[in-house]
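Working notes, beginning with the structure itself.
Note that the chains are named A, B, C and D in the order they appear, and that numbering of residues resets to 1 at the start of each chain.
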Amino acid sequence: MQMNRADLLHAYRTMRTIREFEERLHLEFATGEIPGFVHLYAGEEASAVGVCMHLTDRDKIASTHRGHGHCIAKGVEVQGMMSEIYGRKDGVCGGKGGSMHIADLSKGMLGANGIVGGGPPLICGAALTAKTLKTGGVAVAFYGDGASNQGTTLESLNLASIWKLPAIFVCEDNGYAESTASSYSVGGSQAKRAEGFGIPCQEVDGFDFFAVHEAARVAIERARNGGGPSMLHVRLARYFGHFEGDATTYRAPGEVERIRNEQDCLRRFRQQVSDAALLDSGELDVVDREAAEAVELSVRGAKAGAPPTEADLLTDVYVAY
Amino acid sequence: MSKKSYRTAINEALRQEMRRDPAVILMGEDIAGGAGAPGEQDAWGGVLGVTKGLVGEFGRERVLDTPLSESAYIGAAAGAAATGLRPVAELMFVDFVGVCFDQIFNQAAKFRYMFGGNARTPLVIRAMYGAGFRAASQHSQCLYPLFTHIPGLKVVLPSSAYEAKGLLIQSIRDDDPVIFLENKVQYDEEEDVPDEAYTIPFGEANLTREGRDVTIVAFGRMVKIANEAADRLLKQGISCTVLDPRTVSPLDTGTILDCVQETGRLVIVDEASPRCNMATDVSALVAQEAFGALKAPIRMVCPPHVPVPFAPNLEDLYVPNADRVEAAVRAVMGFKARELA
Amino acid sequence: MQMNRADLLHAYRTMRTIREFEERLHLEFATGEIPGFVHLYAGEEASAVGVCMHLTDRDKIASTHRGHGHCIAKGVEVQGMMSEIYGRKDGVCGGKGGSMHIADLSKGMLGANGIVGGGPPLICGAALTAKTLKTGGVAVAFYGDGASNQGTTLESLNLASIWKLPAIFVCEDNGYAESTASSYSVGGSQAKRAEGFGIPCQEVDGFDFFAVHEAARVAIERARNGGGPSMLHVRLARYFGHFEGDATTYRAPGEVERIRNEQDCLRRFRQQVSDAALLDSGELDVVDREAAEAVELSVRGAKAGAPPTEADLLTDVYVAY
Amino acid sequence: MSKKSYRTAINEALRQEMRRDPAVILMGEDIAGGAGAPGEQDAWGGVLGVTKGLVGEFGRERVLDTPLSESAYIGAAAGAAATGLRPVAELMFVDFVGVCFDQIFNQAAKFRYMFGGNARTPLVIRAMYGAGFRAASQHSQCLYPLFTHIPGLKVVLPSSAYEAKGLLIQSIRDDDPVIFLENKVQYDEEEDVPDEAYTIPFGEANLTREGRDVTIVAFGRMVKIANEAADRLLKQGISCTVLDPRTVSPLDTGTILDCVQETGRLVIVDEASPRCNMATDVSALVAQEAFGALKAPIRMVCPPHVPVPFAPNLEDLYVPNADRVEAAVRAVMGFKARELA
């Protein structure tokens, strides 16, 4: 698919916003001001954005513990997210969810998830809604290589297959589940697993936005046209620890630096659009600055925000209270 | 109004709600039956025939047979509920919850709170519970205390056909995740059940009889057993209130406390395993909130802390019965409260 | 592998005993004297026996709700089983388990299981014990086509694969899970699923004892020699309903009769050994009679047996009581 | 004897039992860490470093990193336990039990009973529980009431480093399935812990202090909070017994009842969700068995019936604290029992 300038700028802006968001959180977390667990998505931006560019609010996604990128790509407001991560009342979940539970159903974002493998069954349900109510929507489950070993994920592949659901399974394979390499934990391969359940799988270079974008286009089009589910096996890398605080001693010395220098999806995108003379670097620099400003603003907003009130403890449990 | 079985009452509730609201769908293993098979479709209508006939009226788009993958389809029901359907998912035996509990208690139950109130999850999970079917340890459990423990879930225990229909319709119309538990040995029990749709609100206990001396709180099938005991006791001059809370989450604490205030004595009949169960839950409520009214120790009639045995004679010893309820009531009546103080 | 006469007779006797056991239960159940759920294995005998012939007591198996055949094949006493099914104190589980929970750990039989997919994880554990303690044993999970969609089963395939466990996964595909056809419920195929997890799979004609026996030999030898897990996808058929009481209206008219007449494993075995002049039909007739007598005796014993005592209700919960 | 943290105490218990018995093995996600990775092995030693160093001494044959497949590996631990090993499996956060509960409550817990006594399942499942870590709804639950409800399981809640070591060694030597729950905010708490191996028997409560007026029963981390409240109350002339049951299944009912007989008043502090929890369990026990001794209502100090919130200020409101315990004790002291009667 040919992308127009606006699309390209949007893609770049979204990826850059995610990167800024995550790198800033990395710094802010170190100050001790951010509570709880924070899992950063930096390095994997091309996947979230390459997929979500094809989606609108009627399409649904389910995310993981490493959810910020998916949220931003699906259109969740940066300020609401940042405030949520700081536990503020005006966070997108009122401060009750935090980083691991950011959701915005109005944007079709069914939630980050603290349970690995929690999302794929939910996405079968969202896809079933689309199919039953004929909304024309599709549903996308993002999940990691670790999650690919969880029974909930595997069952979901089969359910989507036999029900021909408009579901896309995006396995974001960053090579590790916490400190455990996927070369150790994943028997067989993702593509063969997909085949095992009767689902087509496309191997995708997750450092290349355009590769993701194109593979996602095919899979999503198939789903929208009643062709059933697909899997994308996206190989990529995370730049920070599993969560903030992880010293990542299990990685090879220099492993991340090498990837950052040689494969980084943002750098590669700039290269590609410059080479093809689609966007010039001045425009992109403007986007860089704007993204940085938006994130800076959100951090200031979050720090200035008020925590939830005592009364909030007891609300939102049931529809009645 | 006509005599209907517990099974028919449930079937009718499903049918009427499916007619009323196209967003209501059913899913579960063999709830139609015969999927992909060469013979009869709707061959089973559920393992004990509860959903029989529904696929004929509503088709396979709304009555979905599932593969043997509870995590996937219970989770799918949760995801569908969060995105615009009102799924009624059947877990068959509640004992199977162990393979899909996450999707219930960490996902569906918590969406609304985790998402700051920005979610609605109108999901019903139907399942069979209870002993007496000679189905042994893995097909006879109650397990409602597990669900009751979890904030965000509602838990319903219909004690008769009439209750089952009204409570199931309420469950389907409710906007929160509801665990609706059917007692498998009651499916053939009949009583008068209105033909039209009606709802029974959650959190309102049913005073199945009023008495002076002792309040008996009983759950699900135990309501009948408690009334059987109360009949006998009346002949002995002991008059009992028998309360059916109908829903254990939410629980009608007000009515329970009011009754205990009046009678001063409490017996609780709970078929669930005795530790951290509803008998302890209600005991604790009363020991905290109506202590001053108590004239005698609270008595719990529960099974022993053992898995459900297979052998019929052992299973019959396991399940609380009217004799044990009667004995418990007589014991609390015989207690000389102030002497010991 | 060449089988000697004793082995052949043993195989036939075991299959015939299973058949007798199940057909008798079918009759006895109809009288209303047998409590609870009973799932009969008749028709599938070649699978249990073809596999278990290679096993000794140090080897472990896990079974399913349809467990009688596996039990008998693994050497559990027929009388103890029958008494258990009748809920008698001298049943192999003291009457506390019943048909769905027959187990005999002394024979390496880790239990029938009321939870579909319950067995495969346990078998990973039994295989791990064998590997860790270097017992030389292997562990076999029998499970159905329905169970092949359960997350517990799928996770176990991966665990066995990456740990290279001496485990064999025997998928007994009788075409149905309750009333649901595997053609509906199983996306992809069993063999491709195995491949998806890096496990070799052999397709096996489950009506042919010798085919099962040979495929099992290869898989078990591989496991014993440290070659890791395998799957056998055994196609077969059950002759009775899912459980006793099932009218099996979902099957095609005449479906079972045709299979009984044309593919029956016992009939085929007789044919094969006669054709090859390995055993004569007189010998086999003797086995038939003896098997019938053994089952008859066990039914009489079970009917005459005493139920557990009241005290038994409260024992065997913990080691202390 | 030397000062050791709760974390070190647990690590030492594992190490000593692994040295003592070659059948003891460990498994869990990242309990060594770095499996298959190019960098450091033993990179994590568990998500919070509890098992650090063990793979170095015992090797990967006995310290097994698992894939993210809790059903498979918890089930494998159960199967291994039934066939000759003594596995200690780590579930990381107890909140994850939803994806593998079947293998715990229908398999491991019931083997012995279903098989007529012919099974032994010496399995330990270690997991972290509790709020206070800002880890939100899916990583902060207690959930021990779910396990306590299930016959066949034993459930251990060590309240300090000393308790943790002795109770874990007992758990490993025990022949039944044990759920051993570690409070994640206590890992750095230090106290004197003997260097040598020792066991603390199950079902024997620890009387952490004796008093005249009120019995406080507290669980896990709440034991410290109860003692903090008791310190303050003593200055106000109110003397409390603080009881740490150590194991909630089996529960030392005898000691609880004895203490209530002496003090006549009971406060229970339970961090678990309030419905069908240990507070209700102990309340019910006492309301049935020691009613005559009670001079005041029983008071339960529990969190509200809501998921654990993320925001720190809400989470701090959620978890029971010494102020609330103090208020509860003062309330039961202020009750004029016989006036209301």
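Annotations for the structure displayed:
One rule holds in what follows: a contact is a pair of C-beta atoms (placed from the backbone, for glycine too) under 8 Å apart; a residue touches a chain by one contact, two chains touch by 3 or more.
Small disclaimer: the values here were computed from a predicted structure and weren't measured.
Distances between chain centres, each the mean of the C-alpha atoms, put C farthest from chain D.
Mean C-alpha positions place chain A and chain C at a centre distance of 45 Å. Between the CA-based centres of chain B and chain D the separation comes to 30 Å, rounded to the whole angstrom. Chain A and chain B have CA centres that are 40 Å apart. Chain geometry summary: the mean Cα position of chain B and that of chain C are 36 Å apart.
Chain contacts: chain D has residues 66-67, 69, 71-72, 95-96, 98-99, 102-103, 106, 113-114, 136-138, 151-152, 305-307, 309-310 touching two or more partner chains.
For chain C, the set of residues that touch two or more other chains comprises 93, 95-97, 101, 113-115, 149-152, 155, 158, 162, 184-186, 317. Chain contact topology: the protein chains form a complete graph, every chain touching every other one.
Across the interface of their complex, chain D is touched by residues 71, 95-106, 109-110, 113-114, 136-138, 145-146, 148-152, 249, 251, 272-273, 275-281, 283-289, 291-294, 296-300, 305-307, 309-310, 335, 337-338, 340-341 of chain B.
On the chain D side of its complex with chain C, the touching residues are 23, 25, 61-62, 64, 66-67, 69, 71-85, 87, 99, 102-103, 106-107, 111-120, 151-152, 154, 174-176.
Residue ranges of chain B in contact with chain C, taken from their complex: 29-30, 33-41, 43-44, 47, 65-72, 95-96, 98-99, 133-139, 304-307, 309-314, 317-318. Within the complex formed with chain B, the chain C residues making contact are 35-37, 87-89, 93, 95-98, 100-101, 113-117, 146-147, 149-152, 176-186, 248-253, 255, 307-308, 310, 312-314, 317.
Taken in their complex, chain A has these residues touching chain B: 60, 62, 91-97, 101, 103-106, 110-111, 113-115, 118, 120-126, 128-130, 132-133, 135, 139, 151-152, 155-156, 158-159, 162-163, 315-320.
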